[in-house]
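There are structures below to look over.
Note that subunit A is present in both complexes that follow, paired respectively with subunit B and with subunit C.
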Partner chain A sequence: MTGGLQRVASTILLVGVSFLLTALILWGSGYRVGDIFSGVIQGSMTATGAATSSIRWAIPLLLIGMGVVIGFRAGFFNIGGQGQFYVGACCALAVSLRWSDGPAPLVVLCGTLAAVVAGLAWSLLPGYLRVRFGTDEVLTTLMMSFIGALVLQYLTAGPLRNPSGTGQTAASERIPEAFRITDGSGVSATVLLLVGGVAVLVWLLLERTRFGLAMTLVGRNPTMARWQGVDVRRVGLVNFALSGALAGLAGAVELYGPAGRLVTGFSPEVGFTAVVVALVGLLSVGGTVVAAVFFGGLQSAILFLPIVTDLPPPALVLLHGMVAFLVTVKFRAVRLRRAGPASEAPTG
Partner chain B sequence: MTVPSSPASAGVPAVRCRSLGVSFGSVRALHRVSLDLAPGQIHALVGQNGAGKTTLAKVLGGLQPADTGDVHIAGREIPPGDVRAAQAAGLAMVHQHFSLPPSFTVAEALELTAARPGGRPVYRRAELHGRWRDDVAEIGGEAVLSTRIRDLPVETRQSLEIVRAMAAEARILMLDEPTALLTPAAIDALFERLRRLREDGVTILVVLHKLREVAAVADTVSVLRDGELVLGPSEMSEVSQGRLSDAIVGPASQADRAVGVEAAPGTEQQTLLELARVSSRASAFEPGLGSIDLSVEAHEIVGIAGVEGNGQRSLVSVIAGLNAVTEGSVLLGGTDVTRAPPARRRLRGLRLVPFDRNSEGISRRAPLWLNQSALRLIGRRRRRLPLISLRQYKRKAATEMDQWRVRYDAVTQPAESLSGGNVQRLILSRELAPGLQVLVAAQPTRGLDFSATSFVRRSLRGLRDAGAGVLLVSSDLDELFELSDRVLVIYGGRIVAGFEAPYDRRAVGDAMTGARR
Partner chain C sequence: MEQILATTLRSATPLVLVATAGVFAFRAGIFHLGLEGLMITGAFTTVAVAEATGSVELGILAAIGVCMALSAVYWWVIGPLGANVIIAGLGLTSIGLGGTAFALGAIFDRRGSLFTDVVLPRPVSGITSGPGVIVSEHSILVWITPLIVLAAWVVLRRSRFGLRLAAAGEYPFAARTAGVNPSIMRLQALLIAGALCALGGAELSVGALHNFTENMTNGRGFIAFVAVIFGAWHPIGAAFAGLFFGFADAIGIQSQINITERVPREFVLMIPFVLTIFAVWLGGLWRRRSLEAEAGYAELREPDY
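Right after this comes the complex of A and B.
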């Protein structure tokens, strides 16, 4: 397992380097780096409610990140988590507002199901294009994300807008309090059980089922998988469906949990951060859980920092970007190295 | 260990190395190899897969630093791992895998990769073509210069690699297994080129697999076994074939026994595989199939002979279910599977040894156990719980790989760490598991060494004796004649002739080339 250890160590090193580079940039811009980092510690762990807030932000990252891990396992770079997350939340919202007098458990269940199906559908379209026509899923999932964001904007500014709202950004009406599965903190036993259960199920699927192994084979060498009788298209479709379903679920959890209503452009980069989370988590389920908590802490710190320093929030987003950049470079380098000299397939 | 070459070549050896040693971790790739290659001759280097041939070639070419020992090219000492020094001394290499960029035209690729002095950063097309016109005179002339590399036939690409290597006026040319991908006719042409280079005074070191090829082209032969030079360089006229094969295989490793394979019981159905008037669409590389009738009975090996690219790949793909059939039907054990997906055919006992074992037969980056277990992923579920035990999978894979004598350290190591022969054993251990009814083996011994080849052939015979049916697609006529009960010839996507033993080599050859329709 030395290879595994080495990979973990190099990833931790990368995150460390990202911190260092960010510190350098902030220091060069005239900020007091010591204060900022103590603010990060406070905002993610030690301040009142900070730990809960870290977990709250870790939850959507973890759910969407699981979807990314599943995608990568079969060789798909499904980065459309953001849009799938939005349409999931929108569908849950529509169900909850239209049926606001229904029995709470039933409505929440239906709303969650609607979110899962919506996320799934949002991901299945690029999935179908990929397995049927070979369309690059990086482009299509990304484009679908923008459409998802516009759907959210349309709903919150149009049909589902709160008419009495006075805020500058369009927001929907609140769902009834009875439907909420957490208080405003966004963390409750229900949600933790749900997310923990999802992580365990995903791990079992990937590591302990024949379908999971078939996905691994497809991800490593689809040609060989086809020769071995694996239905590569079916594996691809199911794979995209699962990724999307998890992101849709994250949308429902967001609505019924901390949000209670939807605001145009809420959690704007959670779907993309989730890709970084999965990469930093070395595309394993356990690693992604750890990485999600780490990035949840960062997100929490980003929101806390303006309280203790004069640092604008985007400054710490720089750190995200840095980690994303370095991890992607490393990931690409590994892939290129592994690809090795391409042997020519003899025609025969 | 070193036999001085013929007294005639008393001058400075073109290549000289002394007690070279290279280790990769615990594996000893080369051990105390000392070698003198006389100038102006064709020297063959032979040995089994993993004997150290490629490593030796790389060390001599400066691509791989040696741990011990030294290398002299044309009398000059080459610092370990210094490619440029080796090139400057007049050495050029042609690698096992093609190195020219597929999307470039021939002229562009040559300009980019060949070390010819006097290059400029910008060219007009005519100038560029003028610069390379003479070099490609033998492989199609100026017309070939504007062809893209990927559109060239395999043998032209091979020739182009030699053109590239020779562009810097090399005096010593090394070729690593240049014949592996070539048809017999292209091999003859290659050897002719090598002889002409020899006439021009070029020293050639060529890594080869087949003794027949060694006998056809080499002046001297050297044998590597387990990283040691066990023979040579010896004049070809002084070594018998028997002594050569003994040197290659060694005393101990004849231990492989024939592997008996149990066929599925209750095979009352005699015709195991049947194609009735099957046609398919042409692919980018090959003609489609034209109304093919073919059957494989139990206890039978049916050989498919043909010049490569005449529909062999289409045929195997259609049987495997990877290519659609436009007309006709495919039957497995009497059941129509024309429209059945690959998985259902596999479950009916169809097993495949694909053409390209490294890209179609295994997943190079996946662990051995997963490669070995691939067929267990598609069967019907036996238990209610979908969960499986990885430990059981790994143990099963280890047992079966041991049975087939795959040499490996751990079932978790990636398949790319195995040598060619071992990869084929891994594939056989998976495909020849119980449940097999029909095996379609495509080029099952291509690129394998003597012992691995004879092991594969014994396994195919064992299968037939156990009652299975085998369809053997091969471009090696000797292999087809040795193993097959019948040989069919495919030409332009059609079966044009059928033969039974004793085979008339000439007649089969005529049918293969379309001389007899």
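Right after this comes the complex of A and C.
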């Protein structure tokens, strides 16, 4: 598959260019890039607990990113992962706080189910509008994302607020310690098994089932897929549902794992970064795992960096933006245009 | 009531300016999700340059220059380089949000915000009671914005350039046949949009306020984009949509003071987003295709990348 290799090479090249540009900006602003680089290596791998922290940040990126892979495979630009993640986390929180005296495994199971259903519903509304009325899903998922962020803000500042909280930003009450599936590090065998299992299931679905093939077909050419007897509407609905369910699950894992409570506007970039992760992973499950660990490592490193250098954390947002800005560039398009005759007349 | 109307004008002006930018891009068939990034870049550059040189005019000119340069790069990436419009646009937004917050720390060694005494002139000020409050204390940009909207309408609907732009957006194939290069039209539309975003950002930082704050646009670029859709990608329509969202914002601010017990502010803030979902849905129902500029959009938005 030379085409596949070419895509991998061009993606690595583009990500490299994005890093280089960001490094140039940092260097131009007077930061020592060498120090930052060694800081990133320490903060993502070699320092105490750094590798664990990288995995901890990779987990939500991987779960939401696989949702993005599923969506984009079928040609649906479901970019509302952030909101689906938030409402998922909110529902899990509401279940856990309202039923805080229940048996831990049962409550966690119910909370996770609630999160999955909430994320699914948050995604299914734009999905239904898309497949039934042809409503543009880029806008509707984006809007649902903003609404989800406001729901979180409302709940953490209102009904579920921890009244004794003293922090600047509003935060909810903590869920009972018994419900946590990890310690503060956010990594445990349970979580790794869960996320690994989900990744394998998604891979099986996409690469080894007729339904996965149907999704890819719909993404390539919906008209053709319809002619071949694919129920495009059903595929679309299931597609949106799966994307949302994965993002909702990520919300539950965040709550029961490292967070333990919800803070207004937590992980504000995760939905967008997950899109970047899925694109860098070339919309394949394996690639997304690699990309999620990579970007998780960067996230972990940026939290570590203040220890070695005074780099402002927004530099990471800048880097993500750079990667997103460039990662979809098509080299083939450039070559074709150069090779083709200059058929377009200049205008006055 | 006067206070609400005055706040409406103040909150709506940046929205209207950026929505006008969005209309230009939309007419050219570009789903411009980078508006937010350009807006915050405009806000930051204005404050930074105004603070450094002491001249707000220079600040605004610099902001326009930077935003137009970024827009040109955006055009290059989505046009000749064939990147995905939506992803690159969101990337542009992150570059703007991250880049300005980073620059604030790197250049001014500040976290959070940067204050400035150099602000836009306010033609009418000092009125504290009566209906005069509505027009008092607004920056010069608030007064100019209606003229900009009118100019945008004339350019888009009554000029050769505007009609060519619409052709390039709606049906690039036909535009090409008529000797119009859609790619160049897109560049021009994006440059105009960049300049307008810079103005919107400047109004936010040195018009209504005296400072630049990290993430101060707070989703306004997206709300402006929403106003474009809600206003049926017509400059006047988008302006009224922007005005309406400004009104909703003013009510939200007011409700925080008066009626918090009854209506939480978050629900008021949801209004634009909920309305947009309805607008996009209805738009799709009324015309079979939800987007007038769909063909140009489709030319850029290819499923295979």
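One rule holds for everything that comes next: the second predicted complex is superposed on the first by the 328 of 348 C-alpha atoms of A that agree within 3 Å, B and C clash if a C-alpha of one lies under 4 Å from a C-alpha of the other, contacts with A are read in each partner's own complex, and residues count from 1 in each chain.
Here, a contact is a pair of C-beta atoms (placed from the backbone, for glycine too) under 8 Å apart; a residue touches a chain by one contact, two chains touch by 3 or more.
Given the structure is predicted, the values throughout are model-derived calculations rather than measurements.
After overlaying the two complexes on the shared chain, residue contacts for A:Ser10 are found with neither subunit B nor subunit C. Looking at the shared chain after the overlay, A:Leu279 reaches subunit C, while subunit B stays out of its contact range. In the superposition on chain A, contact is made by A:Arg220 with both subunit B and subunit C. In the superposition on chain A, the chain among subunit B and subunit C reaching more residues of subunit A is C.
In the superposed model, A:Ala315 makes contact with subunit C only, not with subunit B. Shared interface residues of subunit A (contacting subunit B in one complex, subunit C in the other): 220, 344-347. Partner subunit B is touched in their complex by these residues of subunit A: 204, 207-211, 213-214, 216-217, 220-221, 223-231, 338, 340-348.
The touching residues of subunit A, when paired with subunit C in their complex, are 25, 29-31, 75, 77, 79, 125-126, 129, 133-136, 138-140, 142-144, 146-147, 150-151, 153-154, 157-158, 219-220, 269, 272, 275-276, 279, 310, 312, 314-330, 332-334, 337, 344-347.
Residue ranges of subunit B in contact with subunit A, taken from their complex: 97-99, 154, 181, 285-286, 308-309, 312-313, 320, 322, 341-343, 345-347, 352, 354-356, 358-366, 370, 373-378, 381, 386-388, 390, 393, 416, 442-443, 473, 475. On the side of subunit C, the complex with subunit A involves touching residues 31, 33, 37, 74, 77, 80-84, 86-88, 90-99, 101-107, 111, 164, 176, 179-181, 183-185, 214, 219, 222, 226, 229, 264, 266-267, 269-270, 273-274, 276-277, 280-281, 284-285, 288-291, 303-305.
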